[in-house]
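Letters A, B, C and D mark the chains as written, and numbering starts fresh at 1 in each.
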Amino acid sequence: MASEAAVRRPGIEPRMVAWLFAALGVAALVVILAIAARTGAIGRGNLVYDVVVDPFVLMAQAPDLLVQTLWEGLVSGVLYALIALGFVLIFKASGVFNFAQGIMVVFAALTLVGLHEKGVPALVALVLAVGVMLVLAIAVERVVLRPLVNQPDIILFMATFGLTYFLIGLGELIFGGNPKQMIARQLYLPQGATDAAIFGGRVRFQHIDIAAAAIASLMIATLAVFFSKTRIGRALRAVADSHKAALSVGISLNQIWVIVWFTAGIVALVTGIMWGARSDVSFALQIIALKALPVLILGGFTSIPGAIVGGLIIGVGEKIGEFYWGPLLGGGIESWLAYMIALLFLLYRPQGLFGEKIIERV
Amino acid sequence: MRAPDSPVVAKGDALLAVENVSLGFGGVKALSDVSFDIRKGEIRAIIGPNGAGKTSMLNCINGFYHPTDGCITFKGRRRARMRPHAAARGGIARTFQNVALFKGMTTLDNLMAGRSLKMHKSFFWQLLRHGPAMEEEIAHRRVVEDIIDFLEIQAIRKVPVGKLPYGLQKRVELGRALAMEPELLLLDEPMAGMNLEEKEDMSRFVLDVNQQFGTTIALIEHDMGVVMDLSDRVVVLEYGRKIADGKPDEVKRDQRVIDAYLGVAH
Amino acid sequence: MSFMKLKLGAAAAVLIGASVLPAAAQDSIYVPLLTYRTGPFAGSGIPIADGMHDYLRMLNERDGGIGGVKIAIEECETGYDTKKGVECYESIKGKNPAVVNPYSTGITLQLIPKAAVDKIPMLSMAYGLSPSADGNIFPWIFNPPVTYWDGASVFIKHAAEKEGGLDKLKGKKIGLIHLDAPYGKEPIPLLEALAKDLGFELKLYPVTAQDMQNQGSLWLSIRRDRPDWLYLQGWGAMNPTAVKEAVKAGFPMNKMVGVWWAGGDDDARGGGAEAKGYKSLDFHAVGADFGVIKDIQKHVVDKGLSKFPKEKLGENLYNRGVYNSMLIAEAVRTAQQITGKKAVNGEDVRKGLEALNITEARLKELGMEGFAAPVKVSCEDHNGHHKVFVAEWDGTKWQKASDWIEPLKDKVRPLIEAGAKDYAEKNTGWPKRSESCAKQS
Amino acid sequence: MFYREAGQFKTSYAADMAVFPLRQDRIGLAAIIAVAYAVAFTGSDFLLQAVLIPFLIFALAAIGLNLLTGYAGLLSLGTGAFMGVGAYACYKLTTAFPGVNFVVWVLVSGLFSAGIGVFFGLPSLRIKGFYLAVATLAAQFFLQWCFNRVPWLYNYNVSGAIDAPLRTLFGVPIVGPTATSQTRYLVVLTLVILLTWVASNLVHGRIGRMWMAIRDMDIAAELMGIKLLQSKLLAFAVSSYYCGVAGAMMVFFWYGGAEYNVFDINQSFIVLFMIIIGGLGSLIGSFFGAALIFMLPIALGIILPAILDPFGLSIGSDTIEHLRFIILGALIIFFLIVEPHGLARLWQIGKQKLRVWPFPY
């Protein structure tokens, strides 16, 4: 297309220029502040200092803590990512924004532990728990999705609310509401911790956290293979692109939905085990699951890599924020920081990290 | 707020002029270097094969898309970019290729919504829905009722438009555009998917609008017969470029147009 | 819309009907128990609920109630949710309750103003609003045997003792990990006051309900600040998580002390063997080898009238429930003695509570010898600021690790009276005490 | 047969545009209001304090959210927080200026949450659907954090909670421990009726049409000259105002006090359930939803034991609680399947059937 060159303005993209200037500005600011701090022009108590200098000084002074913070953030980020992954799977395949993912995490873990409490050997309990998730998936497809097919999104969204309440009630009814110990040892999950001397400090790596990271990445890899290589996986992607198209090439939506919800269930189970092993298995976990929502916003609802990257950003971001900047605001900012990050990000890029640019048509 | 008062355009001279307009999404070019004008009081047809950029052209005209290049002059004021509601205030109304009615609302409410621009009673009176607010409602209801009579849709006055058959929805949409009392009315395939009778009705409405209200009309249409009968002048687009412009019979004889329609390889 | 009214009316009819029924039975003492066996705090709530229920049930089974009058026990589920708690209160207040146990500081705070108006005494045993220990201003509220402020002061004393004297605390860092709710915030004013007096630095580590099990960054800050002592005012799933995190962070467990509500067996068990040395305050003994627990087992548990697993009998929070019910029963009994009535109502029980005096001898009769210290409540002092001791987790169960320690009453009491006065001033139109204490005694 | 519009001709557009064109409906409404007021003098304390007052307050909150979600099509999960803003604003105002009539402060406090609502509504121009919902979660958690960590909001109370001081109207206490549930109920009822009337005016006029236009087809609405941002922000403002007033009423006329976690995310969810079950884009639906979602658990708590006792089955309070959750969850799904447009639609269908009775159609 010859004319294209003609209409394109000469010179570099204006956006690049803007970025360049922004970068330069930040650099300049840093230099100025550094000098100011050195010369003692601004010091402790001074707001500017506390906000933009002190945290970094702290980072420099105690790099071991920084590493520890990053590690903690990384691990919780991985777990957020896992929950978000469950959301994404279901959203891709059935367009349902599955609010129940959080409670599914609790429910799965609870089933596992509860069965073990009732005397079932750990590994058998694990298998049974997987079975329960399958039953749940089938039930959801039959009772919720099938009758509600072609309803507006918000209706399906609300249905998952109903599912959440139902599962909370059911779970507490069967297993009781008291927090339970995750049977990490029986599941041959590593215990204890390793202390690594870094920068003259001590950084503690919980084996369970390492395992969590490893298992999570393994799981994601498996899913990736599953989606790209297997027949069902391809079918899933087809559904994700267009229900009608999928139907027209003879893919059974119901079957796909069951598979997807089952997969999400397994993801939930793994998440539940990992988080349960870090703290306890209790219904309080379900609130943490809400943290997956900002992750989704960052990553975009349909992108698996988005979920992972988003999870890590949120995990690390909120830990760093809480640890270094939280005290300024009286702490506890972790509870909303993630959402604010996501919100601000949205304003800049409504389609998320990996989503495509939205072109509105009429 | 009423339409920005601008030099009154006499019948016959250009109400809207499109100059070297180009539009691109990333690499894709929807329009490149298109120029034509629409004279006051005429019916101007924009035709072309699928994907020729006709709808994109309308979107540019009423500010939904912003041309990457070139500019558009409406009622004597040039503009590179403006918000759609500004265009609406300026007196541009339109209908859509695939009906864009407010499905949850009744025919009446859809038309009343078309009057939003012309209703200015304050929020406070809206809270009370008495006194001035109510008088305003009634005044505009009258106008809307006239349009309803004009389009012969009295029977479906209080039916949610989502329940209406396609043909009627098209008609309601026309009504909604008319409710805005526009100077320039953009019709995007007003007769798509209609049977012969419906097409005849619609053509009659288009002509009546043009003659009774003196509204300038730009319409996109595939049905050559309709275009040739209705329009005073035709502009032909292909692959986002203008390939012909003129009176229907001239255009009909233009070789490039024939090629475009018969799809001769270039 | 009329159809909605119908439904409304129907519901209403049902509600009214149901709400008057039990009240009709005048030959019983109605003791509602606001408990929570659901929700994120159920872990702590369930054993307490069972303990409270089982003791009263045992009285019914063994002695046919109190003074020959059966106790009508009714549990109302709050889920530790203030909203539900208030609903519970509204639904029971019509049934002439003898005494109300909100079992949540949040709910207590909501009910304190209502109690005086509805003339229903409220027993918030070692929880609730510390200043409500001032009987002159809170005639209807009772929180024996100790307040959170006493508890905090005992913790400070304990720390001082280990450090070698109160003066040794100067310049030390003491951290408070607390649930970010009224319950968790309670000890802050006292600790701040003591910090000023004794010159130690107080560090606050609040934990919001939604991050109860997500304390990673909090413990990082603790590692940064390196406090010498930690005081844990946690509840529910927060406690085991905190203990675990402490183990993870390698904090010396014997320098971490929990308030009595952070002393559940499950709380410490969370940390596993490494949690050995974790301490918690307590005002009653742990274990099943007491007459009272044996009786409960005999008359209630063995008959399958209890929800509590037999093997867990005598766990800390279960015994706490038992202790709480014991206070209720004794108050009712005292009320019966004072008024001579059998079926006592709220106002009688309030008198009973103000005259409550559980001596060693009485404890012996109750089969609670060595189970708890004597309790005495007076008209002015609705608490008593009694002694507490420090228990230590030996990896499998709680062990008494200190003698009974007297709280710093001289520091606490003035703060209490000041706080009470302040409360009354803040709530304009706060009802005055009907009959003054001086006149009464 | 008594429900016929036959013979009721509209002779003016005004009559035709009335909210209740049918005479029977107008009479019915009047009757209901009359009954509602009568209940104040006949109903038991429990009925008023624990059933009707909360029901009315929730209905108001539901109307608020319905204006935003049902009419303007903007999904919000921040309702709880916006209610909180109203409550805390009201507390600050009435403690700072005890002289001013409390009812005034209740109505003014809504303005504060309206302001906050507008602020958190700003993203709504760029963000749509679930993205916006999650954005409102930011408001939910941030504001809840403020209620807890900004002691100024609760006047530095030791407890960190706000509680209702004694306030009177015409010398009669309406707020505070000494206020009888009867007077509270009357105040609440009057305010709710008033605000419902205003809301209905709003949605039946130009502004309501603007909102619905944006909900149904925002692009078309914009091309018709409706300014999206202004209209959306207006929706946020009005909606938050209603939520704020409801929040203030909740604390001062129902609980008598509150801590920050009263306005947690579950509050938002409950209100959302109410409008979904009751019917999106329907004021009366808000009442239906509030009635069902709020009263069902209470009714269950009483009915379940009543059913089970005769069979010698005693049922624990915890079991009831679990069953409540299960039933509520199941009910939500059930309703969504049976009538996605909520009770309001059922109500309409019922009326339609009544109109043509005894003929099927």
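We adopt the following convention: contacts are C-beta pairs under 8 Å (C-beta built on N, C-alpha and C of every residue); 3 or more make two chains touch, one makes a residue touch a chain.
Every value quoted in this text rests on a predicted model; they were computed, and no experiment measured them.
Q: Taking each chain's centre as the average of its Cα atoms, which chain lies closest to the overall Cα centroid?
A: It is chain D that sits nearest the middle.
Q: Farthest chain from chain C, going by mean C-alpha coordinates, please.
A: Farthest from chain C by mean C-alpha position: B.
Q: Check C-D against B-D and say which one is joined by more contacting C-beta pairs.
A: The greater number of contacts lies at C-D.
Q: Chain B to chain C: how many Å between their CA centres?
A: Here chain B and chain C have centroids separated by 73 Å.
Q: Express in whole angstrom the distance between the two chain centres, defined as the mean CA positions of chain C and chain D.
A: Result: the chain centres lie 36 Å from each other.
Q: What is the distance, in whole Å, between the centres of chain B and chain D, each centre taken as the mean of its C-alpha atoms?
A: 41
Q: Measuring centre to centre with CA averages, how many angstrom lie between chain A and chain B?
A: Centres of chain A and chain B (C-alpha means) sit 46 Å apart.
Q: By residue number and range, which residues of chain B touch two or more other chains?
A: If we look for residues of chain B contacting two or more partner chains, we find 64, 96, 100.
Q: Check each residue of chain D and list the ones that touch at least two other chains.
A: Residues 145, 148, 219-220, 223, 318, 321-322 of chain D each touch two or more of the other chains.
Q: So which bits of chain C are touching at least two other chains?
A: 37-38, 42, 180, 208-209
Q: Would you pull the chain A residues touching chain C in the complex into a rising list?
A: 58, 62, 65, 68-69, 72, 75-76, 172, 176-179, 181, 193, 204, 206, 275, 278-280, 282-285, 287-288, 290, 318-319, 322-323, 326-327, 331-332, 334-335
Q: Taking the complex as given, what residues does chain D use to touch chain C?
A: That would be residues 28-29, 31-32, 35-36, 43-47, 49-52, 55, 98, 145, 148, 155, 157-161, 163-166, 173, 176-178, 254-259, 261-262, 264, 284, 287-288, 291-292, 295, 298-299, 302-303, 306, 316-318, 320-322, 347, 350 of chain D.
Q: Which bits of chain D are touching chain B when the two form their complex?
A: Going through chain D, the ones touching chain B are 12-14, 17, 198, 201-202, 204-207, 209-210, 212-213, 215-217, 219-228, 234, 281.
Q: Help me check something: in the complex, which residues belonging to chain B touch chain D?
A: Against chain D, chain B makes touches at 62, 64, 83-85, 87-89, 93-94, 96, 100-105, 109, 112-117, 119, 121, 123, 126-129, 133-134, 136-138, 141-142, 145, 176, 180.
Q: For the complex, give me every residue of chain D touching chain A.
A: Going by the criterion above, the answer is residues 75, 123, 126-131, 134-135, 137-138, 141-142, 144-145, 148-149, 219-220, 223, 265, 269, 272-273, 276, 280, 318-319, 321-333, 336-337, 340.
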